[in-house]
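Shared chain: chain A. Partners: chain B in the first complex, chain C in the second.
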Partner chain A sequence: MSGTFRKALLGTVFVCALNAGSAWADTIKVGVIAPFSGPFATVGQTFKQAIEVYQAQHGKTVAGNTVEFVYKDLDQANPAQSKALAQELVVKEKVGYLAGFFFTPDALAVAPLIDEANIPCVIFNAATSAITEKSPRYVRTSFTLWQNTVPLAEHVAKQGIRKVATAVSDYGPGIDGETAFKQTFEKAGGKVVDSIRMPLKSTDFAPFMQRIKDSGAEAIYAFLPAGPTTLGFARAFSDTGLKAAGIKFFGPGDITQEPDLPVLGDAAVGITTTFNYSQAHDSDLNRQFLAKHKELFGSSDIVTFTSVGAYDGAHVIYRMVEATGGKSDGAKAVAAVKGMAWESPRGPVRIDPESRHVTQTIYLRVTERKDGKLQNTEVAGFPDQPDYGFKAGK
Partner chain B sequence: MSGRHMGAVAADQPPQVAARGPRLRRTLGGAAVPLLAAAGLAAFWLFPNDLGLMTRIAATALYVLSLDLVLGFGGIATLGQAAMFGTGAYAAGIAAVHLVSDPLVLLAVGGLAGGLVALVTGALILHARGLTLLMLTIAVVQIVQEVVNKARDLTGGSDGLSGIEPSPLFGLFRFDMFGRTSYLFALAVLLVGVLVARRIVRSPFGLACRGVKEDPLRVAALGGSPRRYLVTLYAVAGVFAGVAGALTAVTSGIVGLDSVSFSWSAEALVMLVLGGAGRLVGAIIGTVAFMTIHHVMAAIDPFHWMLFIGLFLMGTVLFLPGGIASLADRFIKGNRA
Partner chain C sequence: METLFGIVVDGVAYGMILFIISVGLSVTLGLMRVVNLAHGAFAMVAGYVASYAAQGLGLPYAVGLVAAILFTVLATLPLEKLLYRRIYGSANELAQVLLTIGLTFVIVAGINYLFGPTLKRIPLPDALLGTVAIGPKSIPVHRAFVIAMGAATVLGLWWLLERTDFGIKLRAAVDDPNMAAALGIRTERLYTATFALGTGLAALGGVLGAELLPLEPYYAIRYIVLFLAVVAVGGAGNILGSAAAALALGIVDTAGKYLIPSFGEFFFYAALILILFRWPHGFFQGRAA
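Let's turn to the complex of A and B:
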């Protein structure tokens, strides 16, 4: 009698121990902070959809752990709120990973937090070079303006173009683009004849077009926030006759991102950009990605750079979970993905061990109309481009 | 009963009828600060996992309180209160990065900067009234934002000013990731703010400001200078907003351009109207209600929460035009009848 009892007791203890063991191992939460409402809601939507596509293709479990994504809405750049949300995710939701982040200040806001909690933070977008310098627990799967601009400036110089005017919106990324272009282009023997900084809220671009005309530039390098501003700029560029006069239009690919193309319309045709991803990228992996996306959500029209940022970010997080066996150890997780290389829908990518930023092929694309739909056609690729802005100083 | 008769005879305010209402209100008003402290501390024990949000609520409540001083007690229509909030936040942030790290000193720096901006801009624009004034306050906040954006080396521009690491409070309490120090600190600052604001509102100066709000001509006829009262009030409220900004900078460790934005000014106005302008409790109730609902809704449905917030605001404006704080009045009135 007592023997049976003892066995039962032992069994109970054993089962309890098993349960306790799997309790901490079975669900790993990833907190995603991004805009899901308001004017930038599309960004959050592309993040979420790409993550769901990734989970549909690769399953929700990795090394016996279920990975669950928790979404928090941050509708505009608001670092104080970003910090509060991250704090809530870490303290209350007990997330093992932070991810997302569209705006730079929001990503910067969590640096002290991820260091204290020792959790990794995978950035899907925020593109200022300096971010990954602020904490060793940042890993970034997007791009930086330097990364896109340096190969573009070299390409422009190779075309035999000698005089270029830059026109950028007067804010952080714009200035980054201007600096990167000027440095690279002048090193290659070209000359930046005018550097125009346009107020962020400009709606009338005619005066800037006049300045471009007066500068005698053969081409322009332009960067503005995607959406209506770029539309206004591109329209003014063709309306004031600069396009007809044969001045070439170059810029980083954000300005012709896929969701904006229908709005931009024919004003976008002929713009030459460099970027890390085009929906029209010619590879099997990209076609599978788009097909799965279409299957899940009915349309893949909004798939763009933020989609691959999140898709590859999810991949990095899965590898981190695998490497740490489901335990929360940020330093170990980040160490595990340093130097990791894989094939992404955008092409071959690798996490640079030093900058923890993705090294990737940057494509030269021309916006054109194909089968009645505008697309960014890749015409050339510059492989293995690192983040040239890492530790480039202020 | 007899009171009502006598009151009806008097031409001015019926003194004896009203007597019970204000007395009760005053008792409630006296209990407001201890009640607030008790509620704040209770929240600390009840929601130990939400301290991040609650810290933001406390700092924002102080900011909305500053708007209440200006709008509710001075009748200054403004959509530019964020200019003072943001200046305070950036001043404290820049000081923290380059000069000092003591949190109390940083608050003082923020308050000073906010007050200074309010004094200068107030002196320039407070000759106007109504819509003109509203436009001017918007202009001020836009100008301050553009200056902050341009001064990139100092403020970080659109990347935000990061790297604000305040030293432990009184050299003892570190600002940790759980936010215990941050919350208690913010709550204490808010309580002090409410006490000081109450003193100001009840002082002769505060009464004079209310007089200006009701009838500036009459104040002028009595020998007062309405504009001087308003500029002083604006500057004092600027100090409050500046301290609130500095408090946000200290507790969150970063300042962004959003803190000097038009929309941040407008949001304060929404919270104030929701709570009830013209009473100090209203500012706090409005902030707590708005931010809590915002948070809960956004957590339940991160994609469509704005719709529910909109419905909630419309409901409040339709059924409680005096704000949530006016519920107490209704209650008192209901008791009497």
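Let's turn to the complex of A and C:
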């Protein structure tokens, strides 16, 4: 008798607990995993600032639910820890969404988790094409190397340049960039005369410059991770006289990202890049975006591609919350944003239904000094660029 | 032929930079027997001071360089009195490593807090910008300047250690501190002065090498292996050996990167292994140190 009673009581408690789960879930938590300390701390900072700007502009509630962002620090590429943090967010913090991710391996590590928990994962940066193939619950609001490089290679070919040397850091994204450039450029009739893969830890770039010089290239396509290596490369390019010799410097826009420009100095002037966002983008939405940063944080100098990635990511999450009415249903949430189009500070964007990656205008930019400050001036736009790398390996 | 010449010139330039940023470690490690893993941190502090002097205060490059060296030496002297003095001597190796790596973490966190994680630069004066031609090959003026400074450092240190009273007393104090003290040599002062010399050289390297190893808070940890490699190959405390090692590693690395870039750091470390295999105590050090 007492046994049945206990079971009934337990059952009641259990049902109540279940109900509590859905009935009182008016606060929806979003777990953001990104580097907030260490060498890449600026990235986390731009994510957080952009999210706060978005919430300041659009409010913290959507369809009656309060959206709260929870931040977890992952200071370097560390897939095991990424998974552990995600698990903690899902189990302990009960987040309904995962977001952030600067490095590709960290984003890939959570694929089994988001599938099992049926949680959408909005990637603010990690730019390897293959990521969104690994789970149907990934949505990405950044860019890929293919997306930036294909229009660039076509542009270079149209300039009448026939011989190009590629110089990339020897790791995943670098090789993506090299392959994308080579395929597109050779299809357009050009020739890649030398493909140099530089060790990630290079400090001295003089030997690579000598090689570029010896290859007889009219231009180079270069990609290196942002930070000390890019600085060293751009410096070496101008210091060893290649710049003065008239060799043109092309690359994806990560290499001239806004926070690094003051350090690159005049070595950056004249570098031509393609990218999805420039702080100097000419639109009212972008000016409001920057003004809000200035109002909230005193300066908008570090606003860069990771900022718009997070800003648009927050937008996508808000629409997901709206579509699911606050209930946690990853599949439904992702379905709701497929094909969704909106105006972002970077220009018109939309989520491609198949790749779940953002289709956007890629801008051709030249780095120049304006009013004493270096900026990436947009000189042309290539609208509606998809991720050319999606399923490229298949 | 021109390519070969180019490789040698670039290699020597790179090697001299390696030398100038690691010679300070060679002094502390070789002459004082302290495994100073905070060497990179001291160099970094000097770099940040020079950067702040130039960008924050608008001082000229030369003044910034001198200010950075003085500041670093003065700031680390209390550390010598309070901490390093307790760990001198080869019996304390574990304590040395633990203390100095701990110190490095503290400095990294401090710099990160004060200056933020972004790259900082030390603007060069106009005289050091541009390129100079050496035969058919042109190298940046700044590198030529570093080569000259490196050569001056080699000569200066050689003279100081081999030809002055200070050098004689120092070598005596290192070999047998008790006997040296019994002969009336003030070993404590001598150690303080040598420590100051080591950090001063670290500071010099930090500022001059900033073009190649850009300043950011993780500088102190990122490049320590590079410094240790040069000192290990050169033989600790051996100035000419350090210079030869740095040049050899510089040329091998440059040639490897030019000829087969995708092999990466392979040639650098292969050279390191082979040299240490042949001369376990570093260049020019036939007998056990």
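FYI, the second predicted complex is superposed on the first by the 369 of 394 C-alpha atoms of A that agree within 3 Å, B and C clash if a C-alpha of one lies under 4 Å from a C-alpha of the other, contacts with A are read in each partner's own complex, and residues count from 1 in each chain.
We adopt the following convention: a contact is a pair of C-beta atoms (placed from the backbone, for glycine too) under 8 Å apart; a residue touches a chain by one contact, two chains touch by 3 or more.
Computed from a predicted structure; not experimentally measured.
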item: Fit or clash between chain C and chain B when superposed on chain A; value: fit
item: Contacts of A:Asn78 with chain B and chain C, given as first, second, both or neither; value: first
item: Partner chain in contact with A:Gln57 - chain B first, chain C second, else both or neither; value: neither
item: First, second, both or neither for A:Gly38, with chain B first and chain C second; value: both
item: Chain B or chain C, by number of chain A residues touched; value: B
item: First (chain B), second (chain C), both or neither touched by A:Leu231; value: second
item: First, second, both or neither for A:Tyr171, with chain B first and chain C second; value: first
item: Which of chain B and chain C A:Asp239 touches, first, second, both or neither; value: second
item: Chain B versus chain C as contact partner of A:Gln159, first or second or both or neither; value: neither
item: Touching partner for A:Ala206 - first (chain B), second (chain C), both, neither; value: second
item: Distance of closest approach, chain C and chain B, by C-alpha atoms in Å; value: 6
item: Residues on chain A lying within both footprints (that of chain B and that of chain C); value: 37-38, 41, 170, 199
item: Residues on chain A engaged by chain C in the complex (per definition of touch); value: 37-42, 170, 196-199, 201-204, 206-208, 210-211, 214, 227-228, 231-232, 235, 239-241, 244, 259-260, 263, 265, 302
item: Chain C to chain A touching residues, read off their complex; value: 3, 6-7, 10, 13-14, 17, 112, 116-121, 123, 131, 138-140, 142-143, 211-214, 216-218, 222-223, 226, 250, 253-255, 257-258, 261-262, 264-265
item: For the chain B and chain A complex, residues of the former touching the latter; value: 49-53, 55-56, 146, 149-150, 152-153, 156-160, 162-163, 165, 176-179, 248, 252-259, 263, 298-299, 302-306
item: Parts of chain A lying in touch with chain B, wherever the complex brings them together; value: 36-38, 41, 44, 71-73, 76-81, 83-88, 90-92, 104-106, 108-109, 111-113, 116-117, 128, 130, 134, 170-173, 175, 199-200, 394
